[in-house]
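Only one structure is covered here, and it is reproduced in the block below.
Letters A, B, C, D and E mark the chains in the order given here, with residues in each chain numbered from 1 onward.
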Amino acid sequence: MDSLLINLAVILIKIVVILAIVLGVGAYLTLVERKVAAHIQRRPGPMVVGWHGLLQPLADGLKLITKEDLFPRYGNKFLYNLALIMALVPATLVFAVVPFGPEFEVFGIKIKPILTDVNVGLLLVFALGSMAVYGIALAGWASNSKYALIGSMRKAGIVVSYEVVITFAVLGPIILAGSLSTYEIVQKQIEQKLWYVWLQPLAFVLYMFSMLAETGRVPFDVQEAEAELVTGFTVEYGGMKFGLFPLVEWYVEVLSLSAIAVVLFFGGWSPINIPFVGFVDPLFFLGPLSPYVWFLLKVTLLFLFVLWLHWTLPRYRIDQIAETAWKIMLPLTFVNLAATAVFAPIVWR
Amino acid sequence: MREQVQIEFPNLSLVVPELIVLVTAFTLFTLHLIHKRVNHALFTTVSITGYLISLLYILLNPGLSGSTFYGLYIRDPVSSLLQAVALVLTMLLLAFTYNYYKAKRSLYGEFYYILAFCLLGGMFLTSSYNLIILYVALEVVSISFYIMISLLRGDFLSKEGAFKYLILGGLSIAIASYGAGFMYLYSGSLDLRYILSHIGEDKRLLILGLVFFLFGFAIKIGAVPFHFWLPDAYQGAPTPITGYMASFGKIAFFAPLLRIMPLVQSHFENAWVYTISIIAALTMLYGNLVALVQKDVKRMLAYSSIAHSGYIMSAIAVAKVIGLKAALYFLVAYAFMGIGSFLVLTVLERLPDWQNRLEDFSGMRFWNPSVASYFAVFMFALLGVPPTVGFVGKALVFMSLSEKQLWWLAFVMILSTAISTGYYLRLVVLTFMKEGTQESILRPSLSERFLLGLLSVLVVLLGALPLLIWPYISVAAEVLFKGW
Amino acid sequence: MKMIPLEAYLVVSVLLMGLGLLGMIARRNLVTVLMSTELALNAVNILFVGADAHLKLVDGQIFALFVIALAAAEAAVGLGIIIAIFRLRKVDSTDEITDMRG
Amino acid sequence: MEYLGLLVFFFIMLGLALVLISLNYLLGPKTPDPMEDYPYECGVPLYDKSAQNTFHQGYYLLGLMLLLFDIEAAFLFPWAVVYKNLGFLGFTEMVIFILILTYGLLYAWRTGALDWQFEEERID
Amino acid sequence: MEKVYATFPYLSISMLIPLIGALVLLKLKETYSKWIALTFSALTFGLSLIVLLNFDFSDTSRVQFYEEYNILPELNIKFSLGLDGLSLLMYMLTTLVSLTAIMWSIRDVQVQRRLKEYYLWFLLTESFLVAVFSSWDLIVFYVFYELVLVPMFFVIGIWGYKLRLYSAYKFFIYIFVSSLFLLLGIVSLAVEHKKQFGTYSFSYFDLMKNHYDLYFGIFLFLLFFIAFAVKTPIVPFHTWLPDAHGEAPTAGSVVLAAILLKMGTYALLRFNVGLFPEVTKLLSPYLVLWGIATTVFASWFTISQNNIKRFVAYSSVSHMGFVVTGMFLLNLSGMKASVTEMFAHGLTSSALFMMAGFIYNRLHTFNMEYLKGSVKFMPLFAVLVVITGFSSMGLPGGSSFWGKFLTIVGAREWSTVWALLVVTGAFFSAIYILYMLKTLYLDTKEESRLIHFTDIRGFKLAAFLSVVLLMPVVGLFPSLIFGFFDHVVKKILLLVGGSP
């Protein structure tokens, strides 16, 4: 009984931490994005609310909350709301399998900084990732607008295409690690003294492409396509509901997929790696906190990389995006898979 | 937990026929990918060559037997026999498809390799005791059938038939695998031999599983009262495919039943005999009765196929060697008769105003004597007139029923054969004794005429001289019954 | 650690199977009917996985894997046929595809 | 037991999502207007009552492709995990598997299922 | 039973000759077909005469000219042909009547189209019939027994009269279905043989060794009996016969009546009596009564017909009643009567059908109202008809005399009442023949219409004579016929335990 209670307590703490990161930081990332975008375009960005616009997200949030609750006529109210839940919940749940650092001990209780360390962690990621399609498709379908439907279908088409690519792309690291557990994959990388990105550059690139496509970031942001489709599938959503979609897509998902990318390709919480030799930790002075910092640092860098792309590149056409996935990326994943299978024994030694 | 299985290299010499078919399928696939325009002559040639090599391999290695892939795959005389027949049927079919599909304007290159995969699934279905293999093979055959049924451009009936088959076929597979689940739960093994030879005290789960499993297969073979899909699927399908489903499909779907039959007899003999014989009786009576009132010949032959399932099942109901022999012989026999009769329809359907109605057949003897006589041979064979294969099959079934003293079933069989006389004879009478005209002239190609003739000769010859095929059947049945 | 009892798996599996069968018989929409067959196949999966949990074996999971894969293939073909039906005639109910009777 | 955390997390998120959805209803103003729920159509009067007919059938194909390829991946995952112990035979089998997958992809490519602008004739 | 192996395969060759004829026919022009058919059936007949001359009559119960070819060793199915006295008689009848039928067809108005097929079917029938009567393997017997149906089905259905399709259906279905029971019976015997001796066997000689429980024996007996009762036919099962015989073309009716019905009675004697002697003994009184009833009822039916062909057809049924009665009396006179009657009926019925066909050729009707006095102006034909009629009636010197007379003698051995019943049957059968002769000769109607008929001549005359000439021979020298089957019948009686 005791152990159950302690377990629950630990779980709750972990959840609170995750939520804080996801929603709190997620909200503030809007500001980061706007600032980064502004500076890329050589303008200051939000400057009015608070110091350098530091309170801007709060203002935005207040604005969104106090809008009227609208619902398009002839739509399907249940699906309309369900779409939101289907978008938000799975995306957030992905964080349950993200390992933030190595196992540590507090008050005699061993704690892994990961909510659920299961042996099929990665499968869970992709299962939850696939759920995102439902949210998008339902949103477009339920709001009974041509623009929304077209947008959502495009988006669903792209997600569907890249879902396949991403699934095949991660097989390489899995072969090398011989496990599906996120925690274990990181540990294997530390044991093998190797970030998998060194052996799997192709997989990493493909993964990044898919991540951009799945999260609707430029250059794959056709579902938004302000110029043609207004804002795609969110066109009939208002207020907080409207706010939630970009939050989920642009921040929560990007964060979670970046975290997974870090786990798969950058050795999770491990410091800088020299292949097959060892790790160099310039942040050694942080002591036991250094792994967490490393992890967050890598995720942040990836996130900023995405932002950088977003505000630099032009947008691809929808057919180009979809066909790239099937005709170029998928064959490449096959190649990568076969190649990995061949040189995997080198890594295992 | 099971101990770690050592990885061994499979004995591939046993699966060479399957491998050849597989390679053929992929060759066809590759050709289809390479060529923008489908060259049907090439496709047909490649397929037939592949099947021929496979067939020759089976024929030239008659003693091939053993198991490989950790016992997942069995090659014994039964599988060799049924596979050889299946290969022959497929080759026969290919000789007729091009002209048919051309007339229907539905030439698809996909057809050839889907057919090959279908054949492959059937070959695996005949040669395994493992539930997984059976399941996968069953699905492969079924899915190929769904596709082949619907490959008729702009024809609503074919889509309708395919959909109905898909739903009921999916149901049957779900139920069969549900049964497999219970059997697995009972025994912890997926091998039917293991399951049915290690029977404990409490047999309820096993019986439940077995019943579900057989129930699924009963749907697949169209046993009454689970036959609803069959007439529609048969009628909707392109006619050569209908013939293929009737002949090859029967072989494929009956094969697992044949394998189960010797296994159940030690523990469930009575239950087996009663259930199967009741279903068999219902099947043959219903099939023949409904066939009697059909106006559409294709549908009529579909019901006749149901009835023949009943005959074969009554042989299977007799859990003895002779029953197995009878069932095997009848399967092979029906394969030839069935495909023959449907192939005749295939040729006839090229006529522009042909609708498979009864009256379309009147006077066929005058406007196409050769096809008419082949048709008559097939009809008499289906009816069971000596010395055709149909007769020998029925005699063998009678023999096994007599051995088991299942007199009532024998009488039901006599009754249903009596009913069947009505509709088979009606076709013969229409073809030969009614006057009728056909404005457009039917010109079957030389190969079609030759093959139909060959088939009808075969139907008579295998019945008149059963020795040509009997040794294989006899050995197969005995091996299956006694184990090796 | 308490195991989930076998009965729980069985109950869920039987329920799913029942729903699948009911759906196939009672529902009219083509896609729904197709989904019902998938439901029935999922009942099989649960049965196998439950059996595995009960027997401490893994063979059943392999079976389940094959069921998933082939169910997908079947669904793909089924959807294709439904689309073809829809293109030929704008129907979406099993009541309307009854050209063949008898 | 490992999944307990996930379960708790799921319910918390579900609750949170419901709260977020209903925030506007609870806090927002309610000023009914006859045209406020009018679907967006660039100001043009609504042509179809339901927009759902604009759904392009070609999307089915993408769905099917996802279904098939993702399911095939389901076979690859277990293989990838135990590949270490399988040796050469495992490698050969998987190469064959991937070869077959490639065939599937090529077929889809060849029949035009991968092209975004679906031709009407392709899908029957 | 002893088997005397053949030095020369007479029987297979006489089976093959018509088959070869059929093949030749297919390849040549339609106009030649009748001559080819005639040639080959004459050849067969010639061969049968050679067989007759080579037959060893010293012990006719031995199976001579025995040939054996393995068809399916595992089930012991052998294609075994051979002749004992009884089969020889039937064999001779077959070749003779087939020749007659083909001779008759040459000038038949009903047969003017699709000649190739027509003669093909007849040649096939002949070949199959030879096999039926000479096979000693039950499954082979069954095969040919049923195979005969097919050509006859086509003959009735294509060249028959108005109701030909209905009749063809009926004929085929009745006999096909009933013979399925026979098939069940035959395979049950083989299975039973395996249970008792360890191997399957379909050979008649092997199966004779089987022993059965009483009830099982009765069951098997009935399975056989149903088939043969329909084929023979015995009264409640006879309804296919008037249709088939009435609607078939003349030659078809001839073959049907003269040979196909004999298949039933021959098989009854050979298989039912031969294989189940105990059961036969038990059931014989009922079967005798059944036979008598058949005669009586069939005679009544006959008299009430006004279509002369159906009239003749029904008369066949009543004759078959005699055959059955005699057979199941289970004594020497009865048996002799039965077999003699088979042969005699083969002759008279074919003659009577030819008569009906001839009249139809002249008058284009079968209605007896219009036939009154029609024979008067064709003297030769009239003479032949009278001989036939009296033979059929059972007048001394006629072929049927010994059949009927010996039946009465045999019945008297059981009891006087039975003998009286048989006499009643004979009386009725005499009545209808007399009625027929009266109609054809003594009645007159619209004579002017009938005057210019030409008399019988040519092939038709030859056909007619070929059977009519034999009638007095049978009637006057019965021992010629008895010689064929004396030993056979005695052997069977020994089996049954009746008085030889």
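One rule holds for everything that comes next: a contact is a pair of C-beta atoms (placed from the backbone, for glycine too) under 8 Å apart; a residue touches a chain by one contact, two chains touch by 3 or more.
Chain identities (UniProt): A = NADH-quinone oxidoreductase subunit H; B = NADH-quinone oxidoreductase subunit N; C = NADH-quinone oxidoreductase subunit K; D = NADH-quinone oxidoreductase subunit A; E = NADH-quinone oxidoreductase subunit M.
Here the structure is a predicted model, which is why all the values come from computation and not from measurement.
The chains touching chain A as well as chain E do not exist; no chain touches both. The chains that touch both chain A and chain B are D. Farthest chain from chain E, judged by C-alpha centroids: A. In terms of Cα centroid distance from the overall Cα mean, chain B ranks first. Among the pairs B-C and A-D, the greater number of C-beta contacts is found at A-D. Measuring from the averaged C-alpha position of chain B to that of chain E gives a distance of 43 Å.
Centre-to-centre, using mean CA coordinates, chain C is 65 Å away from chain E. For this pair, chain B with chain D, the centres built from the Cα atoms lie 39 Å apart.
Work out the mean CA point of chain D and of chain E, and you get 81 Å between them.
The residues of chain D that reach two or more other chains are 1, 63, 124, listed in rising order.
The set of chain C residues that touch two or more partner chains comprises 73, 80, 84. Annotation for chain A: no residues touch two or more other chains.
By the definition given earlier, chain contacts exist for A-D, B-C, B-D, B-E, C-D. Considering their complex, residues 86-87, 89-90, 103, 106-107, 110, 124 of chain D touch chain B.
Those residues of chain C whose C-beta lies close enough to touch chain B in the complex are 6, 13, 17, 20-21, 24, 30, 33-34, 37, 40-41, 43-44, 47-48, 50-51, 54-60, 62-63, 66-67, 70, 73-74, 77-78, 80-82, 84-85, 88-89, 97, 99-100, 102. Partner chain A is touched in their complex by these residues of chain D: 1-6, 8-10, 12-14, 16-18, 20-21, 23-25, 27-31, 36-41, 49-52, 54-56, 59, 62-63, 65-66, 69-70, 73, 76-77, 80-84, 91, 94-95, 98, 101-102, 105, 108-109, 114-117. Chain contact summary for the complex, chain C toward chain D: residues 1, 65, 68-69, 72-73, 75-76, 79-80, 83-84, 86-87. On chain D, the positions that touch chain C within their shared complex are 1, 57, 60, 63-64, 67-68, 71-72, 74-75, 78, 123-124.
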